[in-house]
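Common to both upcoming complexes is chain A, partnered first by chain B, then by chain C.
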Partner chain A sequence: MADAIHSMAVEEGLAMKVIVAKDKLVACTNDVMRAVSSKTTISILTGIKITATSGGLTLTGSDSDITIQAFIPTEENGIENIQIIKPGSIVLQARYFADIVKKLPDDTVTIEVDSRLMTRIQSGHSEFNLNGMDADEYPRLPVLREENTLSIRKDLLKQIIRQTVYAVSTSENRPILTGANWVFENKTLKCVATDSHRLARRTVTMDVEENHTITNLVIPGKSLNELGKILDDRDQDVVEMIATDNQVLFKTDHIQFYSRLLEGKYPETEGLIPNDVKTEVVLKTKDLLQAIDRASLLARDERNNLVKLKTVDQSSLEILSQSPEVGRVYENVPANKISGEELRISFSAKYMMDALNRIDSEELIIQFTGAMKPFILKPVDDPDLLMLILPVRTN
Partner chain B sequence: MAMTWSDLAKKQPAAMRILMNGIRNNRLAHAYLFSGGRGVGKREAASHLARAFFCRARDGIEPCGACPDCKRIDSGNHPDVVVIQPDGRSIKKPQIASLIKAFSYKGVETSKKLFIIEQADLLTSQAANSLLKFIEEPQGNTLCILITEHSQKILATILSRCQVLHFKPLSKELLVHHLLENGVSRVMAKTVSAVTSDAEEATTLSKDEWFANSRSIVLHFMEDLLTRPNHAIITMYEKCALHFNDSDKMKMMLRLMLIWFRDVMALHIGQNDNVVYVDRMESLTEAAEKMTAEQAACALSLLMEAQRRLQSNGNPLSVLEYVSLKLQEGAGVYA
Partner chain C sequence: MAESKPARIIFHIDMNSFYASVEMRHHPEWRGKPLAIAGRPEERRGIIVTASYEARKKGVKATMPVWQAKRLCPELIVQTPNFDLYKKASQQLFQLLRTYTPYVEKVSIDEGYMDVTTIKAGMHPVRLAQTIQTRVKTELELPSSIGIAPNKFLAKMASDMKKPMGITILRKRDLATKLWPLAIQEMHGVGKKTAEKLKALKIYTIGDLAHFDKKRLESMLGVYGGKLHERANGIDDRPVDPEAEAVHKSISQSTTLPEDIASVNEAKDVFLTLSQRLSKKLKDHNVCAYQIAITIRYHDWQTVNRSKTMKSAVYLSQDIFEMAMFLFNENWDGRPVRLLGISANALEDAAFRTKQLDLFTYAEDAKDEPLLETIQQLEEKFGTSVVQKGMRGFASQKEHKGRSSNDKSTF
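== the complex of A and B ==
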């Protein structure tokens, strides 16, 4: 009798109770932990939000710029992951929670929250009692309409990120340039990043006619890099993308990755890309990359990390670099084809290598429009990628 | 009890009217500077404005105070509200840089964003300058609130980009009311509000043990002067001189004594409501019977003279001796 009364009292004060497989919980906690920052000024964001619904368990972590949500379904491939005894929601200190679940002894974990937000985490003979925080305090994620999704292959998405985000600005002088501009129109997704000294543009053809939510977004470079890291081979091949006014969501089976968007209008970039080619060079990507890499050795300490390039006899390029204190380097790179005017040009070796490192094609085309004008790098077999670098003025 | 605009308007009618009209007509300025002394309601007004700005269940101009937005503004957990406070003795450039970076993003939940800079006079000049451009052309639906006690220390270029709202010092009645609400006894509230008009200082004083002792020592001394003048000098050396042992403390003693004679004066002209030392009504009445209004006025001018002496670096103890002997002489005359 006494027991029955006791258990009733406990049931009454219960705000949430789940029993969950430990390995799933650990994996999801690790995923969402990537978004949690210790430097946040908003105290609730030091926590992980745990929400139990009849469908499963959702974990959320956020630093307000990016938010990662991981979902554990109650049942997956006929295996029961979770037993939801009472649906509910709680926020727990991320740092402690992540370490605790990692080290729990048993294969299953019971998480139980009472009405005073006191949370009991129990596994095997071990029991932790943590002070929880009110889940109502946690930032609300935007409500997204599922019909406006844009599906994109995961490897393609990762490639887009790799080939464009390197060019975003790291300076806060023009915050809008710290993001990449994604524009979707006429069945093509165009992704552009620039720091006003160089530019990378990647276009992708989509099968979808139109999408109302994704028309013109500026996604922070930092978020895209983080997204690139979190997209591993564990999930299926397609990522779904949905945008609202303030946030964009990338969604896979298990993970939802939200990023805040940048405020403001992205500058028009099409006008920057020249089309009056004066000199065109076709050569092996690897040859040029290695030559520039060697040439930059001496210029490493210089402010601009400068190398000079010169066309020789319509057959090869001469790469030159010097430092008054250290010495000079000279190298001849054979070209497959050189057409047009003779040319001498100087540019940053770092910018050149950043671009070349991201061109997967064996051969590339470089189009020059003059010694003082930007030049274009393009893979021979891929018209969808374009990189642009501004030269450096020398005497 | 949730705060309302009319609560705030009781304290700061002019400033609140501007804010209330701004919200009602949806014409809030993009940047405000709240300027005024301590404890006059600047911070309350800022957070109430924040609630009104974000609340999605707003009733007219009044935020509901119960929705997640309102609640999270109170607990400091709202993701689109950034509060900057001095890091040590100033607000430094990196703090403003991180603010600007955070605000170059779109809002987390809605397009609205708000930041509050407390003690904005402590912005370093570099920090203030980096803030300039940002205040001038905020992007999106952004509201800035700067709070300061020293608006003259704010960079003129920042000042010119904000709508300045002056928060006036609280009136005596409001201050007493405010203190009573904070659980201060009526007697203490009256005394404290007679000493200062600064709400924050008043609250601190009313909880200060030293101040409470000061009050009872001074009253004891005054009653001695009244009933047994010969003994008063002993009280002066034994208690007052030890308790009010430096110049600042002595100033407080003189202020408390002034209040006594003002009370006597108030009784003479029949303004019994204005009496501060309400708990000593009997002694005060006795004093009013013994001394004429002219004599009380003399005592007041004597005390003000003593304050001047203290101000010009007179020795606190000798100032006290001077005052006490003069008053004792007078007491002899009254008897």
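== the complex of A and C ==
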């Protein structure tokens, strides 16, 4: 009897029904899963929202800081991805849905929702019935006006993220430093990140209209890292960026990536970057990276992750590291040129490697301004990138 | 009570100019030459940390600036400290001492106590001390002095009496001749402040202290006064504790509140006091902490401990306070609090302290460099009398300027 009522309800109360290509569904689910957090306190956000419209299928995932929306168009390059039988929407438990979709046997998946939110996922001979959640309870996305749009090349955006976001703070001591500061000024975009022990600054020339309203944003480092991972080669080359006071949206044809912005004023850092160079070293990026990498073999734990650098003459450096329990390592690194005062300085091997790993240029300039002052790393052929590291005071 | 127990035999081993000795072991060519260990010797403004006996003979002393030492002893070899090397040598030393007895207490990098009462072999304590001293000298190439006494205090005093390579026995019957004539500030455990207080009581020698009324001393200086009185009389029943070093892995301060508190401001006051006390303790033990933890005990005795590890070690009360307040704000749930505590963990010898400089504050640290440089330049022009802190130095400099008109050409 109960079964009869159940099947009747399914027949009569069809709330949504689509047939979708499995590979597209899997790819989009993976994208939006990046935003879903198992730690969320808002129960609806443990789900993925699925919305079918005549144009296609939209998936949404969010942890309320980051929201990712992925879109599968009904038809793409003359190939039909989806058949929309009944438009509608549903929220399904993200963890189960993602795992199920991945393992379905057939090339197509049918998703069918009844009026009681019971969702049937069917593919080949396999059928899952999941309890859905009401899509009306899912938070609405902010509406961002299209007029404040900027375009940025995708490869450039990925590079900016890779070369700056590593330096954001992971500690909540100063929350504003967990974000990267993007400043639009004089047709350039300047991106700065610092955890107060090191800093990265990347500038890019941009076609920004004079009356543009976006001037200064602080984007959470975590958001930018996720954005960097989600931007792949599937899409067109340009990303549209739209910002308001508290939200930023990055948009490609099939992905919309929303992030909350950090509130508060980002500290002024330009004045803290020294320019009174006392010692300048020009050398091969790889030579230094490998030497530091070897030196840090003995200095693994964070407390003793120290290397000492010393200028020897006009063409070589000494790198030294020691660990009381393990032993010591000493290495001579050739340099193309060393000018200025003699220098001895200690710094974190990790910070140095983080920076060197992100400098693509074959040659590198290091400018030291004193043993207790920041030093600057710059690629020889790229004036738009600057990295800075604060040394460690040892006595 | 101490008297009823069988007499103990305690050694205090004190390494002679340890850093310099370790350096000489690594640079045999320096043996017999005057050597000093100093911060940044190539920059002339370094301060001498320790000097070899050869250098001491020429008047070179710790805390002297390098340039001054060089003036006294032009052939002085100056070396930057290599703490990893000293740490290693220290480990070797204590390893060697532990081959004789497990009752070895490390006091610092270069000194320790041994309780040799139960060493069987039937060897005379002096012979044993000689054997140890010789082995340390030949196997580790390090000179030391050993004090032999029935307790830690007397052993410590004894090891100081003959340096380098001395062995001194201090028995209770030697007190009147060997210990009591010493000036009160020579007594181990009497710092500058205590010495001043004792001198105000007309106590100038250890003998004066030994004969002073114990009750009166206790009323003036508290429990510590009584302890000092006992020690001056050769009584000290502290055991040689091999675990003592481990105790220093954490230092904490806590207080049960007279009334439950329920506001951040009240907590602030408590943490401020605790931070100051903790900072003082850290300084007393010459250590700094890489981790700060707080304890919050609620009125219902539910107790919460939370900690934070830092990249740079802290020891200043302000830094400890900030860390404690950060932890409190993050973890307090608003209920009434009965007890608050702060503890400093992951302790490190202050000498090995490193500080990861901060972009927003590095200017403070960088300031130390040119300031020292300026003082040095002044010194070179006007001589050492100018090197005085604060107004006194300033005043004498002005005076100097006014009087010696001949020196005008140097400005």
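The criterion applied here is as follows: the second predicted complex is superposed on the first by the 360 of 395 C-alpha atoms of A that agree within 3 Å, B and C clash if a C-alpha of one lies under 4 Å from a C-alpha of the other, contacts with A are read in each partner's own complex, and residues count from 1 in each chain.
As a convention for this text, contacts are C-beta pairs under 8 Å (C-beta built on N, C-alpha and C of every residue); 3 or more make two chains touch, one makes a residue touch a chain.
The structure presented is a predicted model; accordingly, all values stated were derived computationally and were not measured.
After superposition onto chain A, partners chain B and chain C are found to clash with each other. Looking at the shared chain after the overlay, A:R260 reaches chain B, while chain C stays out of its contact range. Residue contacts after overlaying the shared chain place A:K373 against chain C, while chain B stays out of touching range. Contact with neither chain B nor chain C is seen for A:T170 once the two complexes are overlaid on the shared chain.
In the superposition on chain A, contact is made by A:D136 with chain B only, not with chain C. In the superposition on chain A, A:T205 makes contact with neither chain B nor chain C.
Residue contacts after overlaying the shared chain place A:V392 against chain C, while chain B stays out of touching range. Of the two partner chains placed around the shared chain by superposition, chain B is the only one that A:P220 touches, whereas chain C remains out of contact.
Touch criterion met: A:R328 reaches chain C, while chain B stays clear of it. Of 24-32, 78-86, 204-212 or 258-266, the segment of chain C whose C-alpha atoms clash with chain B in the superposed model is 258-266. Chain A residues in contact with chain B (one complex) as well as with chain C (other complex) are 172.
Of all residues in chain A, those touching chain C in their complex are 172-173, 194, 196-199, 267, 269, 272, 302-303, 306, 322-324, 328, 342, 346, 348, 370-374, 388, 390-395.
Chain B meets chain A in the complex at residues 68, 71-72, 75-79, 82-83, 97, 100-111, 139-140.
Contacts from chain C toward chain A in the complex involve residues 39-40, 42, 81, 84, 87-88, 290, 311, 326, 330, 346, 348, 354-360, 362, 365-366, 368-369.
Contact residues of chain A toward chain B in the complex are 41-45, 64-65, 136-140, 142, 172, 175-176, 178, 220, 245-247, 260-264.
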